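Sending over a structure as structure tokens; questions will come in a sec.
Labels for the chains are A, B, C and D, by order of writing; each one numbers its residues from 1.
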Amino acid sequence: MGRFSPRSLLLGLAAPLGALAFAVLVCAVILGVTGHSPLDTVDAMVSAAQRPRTFVNSLNSATTYYLAAVAVAIGFKMKLFNIGVDGQYRLAAMLSAALAGATFMEGLPSFLRVALTVVAAMLVGAGWAGVAALLKVTRGVSEVISTIMLNAIATYLVSYLLNPARLAEDRPGSNNVGTRPIDGGGQVAGLEIPGSSSQLFGLVFLAALVGFGYWFVLARTRFGFELKATGLSESAAVASGVSVKKMVLVSMLLSGAVAGLVGMPQLLGSSYSYSLDFPPGIGFIGIAVALLGRNHPVGMALAALLWGFLDNSSNSLDVAGVPREIVGIMQGVIVLSVVVAYELVRRYRVRAEQRDVGTALGRTKTAEEASA
Amino acid sequence: MPTEPAAGGEPAPAVELSGITKRFPGVTANSDVNITVRAGTVHALVGENGAGKSTLMKILYGMQQPDEGQIRIGGVPTAFGSPADAIKAGIGMVHQHFMLADNLTVLENVVLGSEPRAGVRLDFRAARERIREISAAYSLNVDPDRVVDDLGVGERQRVEILKVLYRGARTLILDEPTAVLVPQEVDELFGNLRELKAEGLTIVFISHKLDEVLSVADDITVMRRGTTVASVSPREVTSRQLAELMVGSALPVPELRDSTVTDRPVLTVTGLTVTGADGRTVLDGLSFTIHAGEVLGIAGVEGNGQAELVEALMGIRTPTAGTVRLGGENITRASTRHRREAGIGYVPEDRHRQGVLLEATLWENRVLGHQTRRPSSRGALLDLKGAKADTERIVRDYDVRTPGIGVHASALSGGNQQKLIVGREMSADPVLLIASHPTRGVDVGAQAAIWEHIRRARAEHLAVLLISADLDELIGMSDTLAVILRGRLVADYDPSTVTPEQLGSAMTGAGRED
Amino acid sequence: GSDSGTGSGGSTQASTPASELKIGLAYDIGGRGDQSFNDSAARGLDKAKSEFGVDIKELEAAAGETDAQKEDRLRQLAEGGYTTVIAVGYAYATALAKVAPDYAEVKFALIDSTDAKGANIENLVFAEQEGSFLVGVAAALKSTTGKLGFVGGVNTPLIQKFEVGFTAGAKAAKPDATVEVKYLTQPPDFTGFNDPAKGETAANGMFDAGVDVVYAAAGGSGNGVFKAAKAKGKLGIGVDSDQYNLPALAEVKDVIMTSMIKKVDTAVYDFIVSVKDGKFTAGEKVYDLKAGGVDYSTSGGKVDDIKAQIDDYKAKISSGEIKVSSTK
Amino acid sequence: MYFLIAVAAVLVLSAVRVLAGATDLTSSGTVQAALTAAVPLAMAALAGMWAERGGVVNIGLEGMMVLGTFGAGYAGYQWGPWAAVAFGLLLGVVGGLLHAVATVSFGVDHIISGVAINLLAPGAALFLSKLYFADAPGGGQKQSPRIADAPKVTVPGLSDVLGTVEGKHWFFVSDVAGVLRGLVTEVSLLTVLAALLIVWSGWVLWRTPFGLRLRSCGEAPTAAESLGVNVYRYKYLAVIASGGFAGLGGAFLAVSSGQFRDGQTGGRGFIGLAAMIFGNWRPGGLATGATLFGYTDALALRGSAAVHALLLLLGIALVVVAVVQYRSGHHVLSAVAAALGVLFGYWYFASDEVPAELVGAAPYVVTLLVLGLASQRLRPPRMAGEPYRKGQGK
């Protein structure tokens, strides 16, 4: 929304850059005070950034973070707070991993297998989010509570299912437990990047597609319009013929479906099995990334990249002898200072806009003329 | 303090505002305003929407700080940093919009900020007693232990006045206290005001209803475009003269001229009954018909079922009994969307709640409610080009004052938002327009424009359900008039013969009941 | 993987001067200072350092990280010239399997897992079930009610080995003994290793139900177990290191009757020595009872009276007469 | 009324205990454990309530609790449990202050600020713990040295008498005795303090001018402003108090666990938030929510038999709900409740135990069921989460 002008572009950039600089400053002070060298830290991060492997890993992390952020953002656009992305993607990854690894899948053509896996994950994610949606629509249960509870329940459910007696494979002697590995035909090939031992997730394109879809639906479709309208004013949406309950249900299901995708790049591009070391907690990162990127498809992508880079540079910090916890502090400070900066810029912009309106109205010049 | 005598024989004026200037970004709300309010009088302040009356009063009440100018209370120069200072100086204000916490009790709302204490505790008993006392003394009739949410507008208004009296204010500012009251309630209020005046209190009173002003005020100050343009005595002006002072030109009048009513029924409502959340019947077997080219006006005190009627017709509320037919079609159970697509236009009572998305651009607001139809969309996709072009058209045709269609609706003034809404609802060539208070809070110029648009559409066989608190508007714009009281239509009137007084007594149930 | 290393490693079987030995250690979540598993590895490293003065680098894992991040950690060590790299914990298996082939000159040790194998990987695994068997025997012999308890931190196959061994030991010593089992959390919620409050509640429940000895295989949550035992006058059994002697547990040490010791420190130290001496061998190295990789502790003297019986079982297991299964 | 509900609840529990032979359902040990588990949750919920009553949503409770645990660890091992409590409170206040600056002064979205604090606090706590605890005797990089426990009190005599009665396993009488005994035996002074704070909060917020002003900022800040209330000040106080209570919750957790540990809070801040919503933003309600959660959590941790009995209890409760809802005309809801009730009943009779992996889910499932079936007449403070700027209200 809003117009495109040099001023708005400048303002748009001022906020994140200023905030980033501020965050760096805060962290430098913290490091300095506690007897660590800020310069070493910067040096470590810069050299990490130049390493192709860190780059690829950051991009891979960003892929999953981005999907999680989009899932969260769909809810946010409706003023729904889906804290449950975490449980949704874990349950979805686990069940779809079990499906994709199953022996009967091995006969199917590769494309079909991957598609089936992905669709299954989306269905599971949507289903789990649907529980919260139904509770909200029929019983008015706050989605904040229900998704917190569902996250925990998903954990227990996954543990229950991740047992050789159920969906896990029997791995004698191993201290890990996981679903049957997906063989080559069910995997999504990664992209070879020169100079890096890691491959770029093939499903990075899926994330891009989801991001595009998110933008397209919100900006170009009737449904997206109704979704945004409901988020901006429920009462106005109702008066405009939007069924809020339906919107809650559908957007929660969509959010859950996208959440279901969160585990896919990792599962089909690297882990090939859902086991104990499958990364948890991405749903919560998604919340931070969505907020940082202000629910904007491009903003979230940048935020996800930043987040991915910070996470993947902590090893380098560790090597340089800088406490890796500084990364967590930095992430918190960045989120906070970015939003403070955005708020300040927003206030400035509103005043400017009102000034424009005032000028257009013409009736407001009295004092200004006098002073001019 | 307010009665402290000045050097001359006469007591010092209760309030003197001199050279007050207040600028907002892009708007100069007040510029060099001068007002003198004599102690123990009712002083009326009139002016168009946006003339700067409320801003001036907020400055006097310490809620806004002036950029320039001086305030004298009882002859003493004063500066208010916050309402607390003003309250201490004996000033109280009843705001244009209710300043009440709905979920707190009357008692809590009243004592907030000036609580009687027993140790560190709030002394509920003392508070209750004092509220009862004041309530009885000025016959305000409020129960301290009710939750504000359960009160009607009239009661809320009295709670607001009680708040001020509770603080022992000697100067009362009443910003459009009568806007939501019916004539009988207004009379009651004026009775209260006279009583207060008799006790030596000073009252500053803002209203758009000029006959009221003439009947109650001792002095009148007129504001236009942020400054005071005249100070007159009510004995020396007529309401027409006063209005022309306000506007700086002649006034428009709502009137329909010749009838365009056909015999083709557009909206037929039979036995419509709606039950509220608490099980009360809020609409009780309503039946009426509106024909093509007919405006049905509904008069009533707010809270007698108008909102429920409108929502039931729009499909926002489900009726418990009765049928609604649009043309030949039974739409009793149809969704809001279907109704809108079938040709119902809707100008809601509260534009910020139901009419616009404040944080969305004008063209997005154009799409709102029309997202399923051309030119806003094609199939499942929005038609941005179409929507924007049509928004430009509305901005032009309805004289919406804005620098462009890309600004947020929140940047527009209320009147301009309302013009956009009316333009939008008319754009889809509706067969039926449901208009709730279409000109509320809109200044005279825009009022005239909105009336003209309704008249023109009526001539093209639009059926209109008009709900308004402005009885002149109702009488002037309706082909048929009905009065709603406690969820029932209690009387029909011919607008060409009825007077506002007759309507008023029917609205309160004081008049004849058939 | 373009870094070809510094070449200082020399040929595979030549011994390396200690001063040239660069050792990298990648911890599991918790890192140095977890008073448990990781600390045990750190002790082995510290011993090597104080004896040979080697150059060391320690890196730590973060909760919720991906294999790629673990992989990167190992690669950074390898690329930094650390030719002796120890990966602490089974979570490194997947990452190591990818890393090891790229750095043929680097010797890797992988603790607790055989899931990654290779010519330059030594898998250091422990027979936790055997050590747990012994403390199970001790618990059964000490118990007056015949009811024992097992508190596991997080329900993973690794911790299940402790449970299985403990139960087997208890039944062996007292066939009618029963074991109440409770895991504090389920993966991927690993807070069960860090929540003494939960440990205390679980142990209290067991004690109230008549249990009088509880085996705490729960990392830091074990503190809560011991606290409950102390309040109720019951006994607890420690895990991983000789917890009786841990300063952090000084206040409750009189209820710690014994601990199941898992000598990660020995394994780490042995591995370093083997590399130093040019005697590195790839493949699985089982630290079982016989090899002294697991054991029970006697600090505090609470098991002195039954030591003979426990040692009897110890001998039988070492000789292979008793086989302790690692799964249910 | 509340008394009657309590009696009815114990009656049902008692019946299920006898039927299922799960003594732990009403044992004093369970009650003690439930109390201990409930205290940090209740403090978090109380913290949430203070903030939201003042109009600020505080999703950063978890982070503030983490700060509290760290503060408690830092002071506790050096100067004892009460210093731990004081420091925990203090660090919580620092967290609250940060949230207040962001949301009140800078008008940042409340959720964003909360999320940022949840990121920042654990990082800071860990950073500091490496700095301060790594070399402390008995400490580590991720844990503090031991903190001495706060004193515990037992009502002498009464506890023993109740204990005897509890041991008889009589229907109802023993159950009541068990519950009472749990409330008078080995009660930590921290628990007593927490209970007092809950009551005190209710008193302050609903009985004093200060409380009225604070609540008015959550309901109608512009109205409060128009009556001379300094809304910013009260919002600040509300959020700072909120931080303080969250910090206290963290401190209580650390002290009762005997040390600070990284990751110790384990999502309790979020559960506290849920307890607050559950409790309709009122002290009594949130205490009930925290206790319900603490109770089921304690049951699940203490043994599996009680959780199995819980299936029966749920089955019965759901059937009761079904009957009640049927009579008040909610047929669909009634049918759902009945179906679920039968399902749980069937599960109970068809199995000997709940699978170990699922036992821990009990508190979450129970909370969800209670919320889904109870009537939802929740009323949050009207302006909670809304930005407020002085002089900009309508």
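The definition used in the following text is that a residue touches a chain if its C-beta (ideal position, glycine included) is under 8 Å from a C-beta of that chain, and two chains touch if they have at least 3 such contacts.
Which chain is which protein? Per UniProt: A = Nucleoside ABC transporter, permease protein 1; B = ABC transporter ATP-binding protein; D = Nucleoside ABC transporter, permease protein 2.
Predicted model, so just to flag it, every value in this text is computed and none were measured.
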{"item": "A-B compared against A-C, more contacting pairs", "value": "A-B"}
{"item": "From subunit B, the most remote chain by mean C-alpha position", "value": "C"}
{"item": "Rounded Å distance between subunit B and subunit C, as computed from the means of their C-alpha atoms", "value": "75"}
{"item": "Intercentroid distance (Cα basis), subunit B paired with subunit A, Å", "value": "45"}
{"item": "Cα-centroid distance, subunit C relative to subunit D, in whole angstrom", "value": "35"}
{"item": "For subunit C, residues that touch 2 or more chains besides their own", "value": "63, 155, 185-186, 189"}
{"item": "Subunit D: positions in contact with at least two other chains", "value": "267, 357, 360"}
{"item": "Pairs of chains found to touch, sorted by chain label", "value": "A-B, A-C, A-D, B-D, C-D"}
{"item": "Residue ranges of subunit A in contact with subunit D within the complex", "value": "30, 34, 81, 83, 135, 139-142, 144-146, 148-150, 152-153, 155-157, 159-160, 163, 287-288, 291, 323, 325-333, 335-336, 339-340, 343-344, 347"}
{"item": "Footprint of subunit C on subunit A - complex, ascending", "value": "53-54, 57, 60-61, 90, 155-156, 158-159, 162, 171-177, 195, 197-198, 266, 270-271, 276-282, 311-312, 314-316, 318-319, 324"}
{"item": "Residues of subunit D touching subunit A in the complex", "value": "98, 102, 106-109, 111-113, 115-124, 126-127, 130-131, 267, 270-271, 273-274, 277-278, 333, 355, 357-358, 360-361, 364-365, 367-368, 371-373, 376, 378"}
{"item": "Residue ranges of subunit B touching subunit D (in the complex, touch as defined)", "value": "61-64, 82-87, 93, 95, 97, 99-104, 108-109, 111-115, 117, 120-122, 163"}
{"item": "For the subunit B and subunit A complex, residues of the former touching the latter", "value": "21, 23-28, 31, 50, 225-227, 314-316, 335-341, 346, 348, 353-361, 364, 367-372, 377, 380-382, 384, 401-404, 406-408, 411-413"}
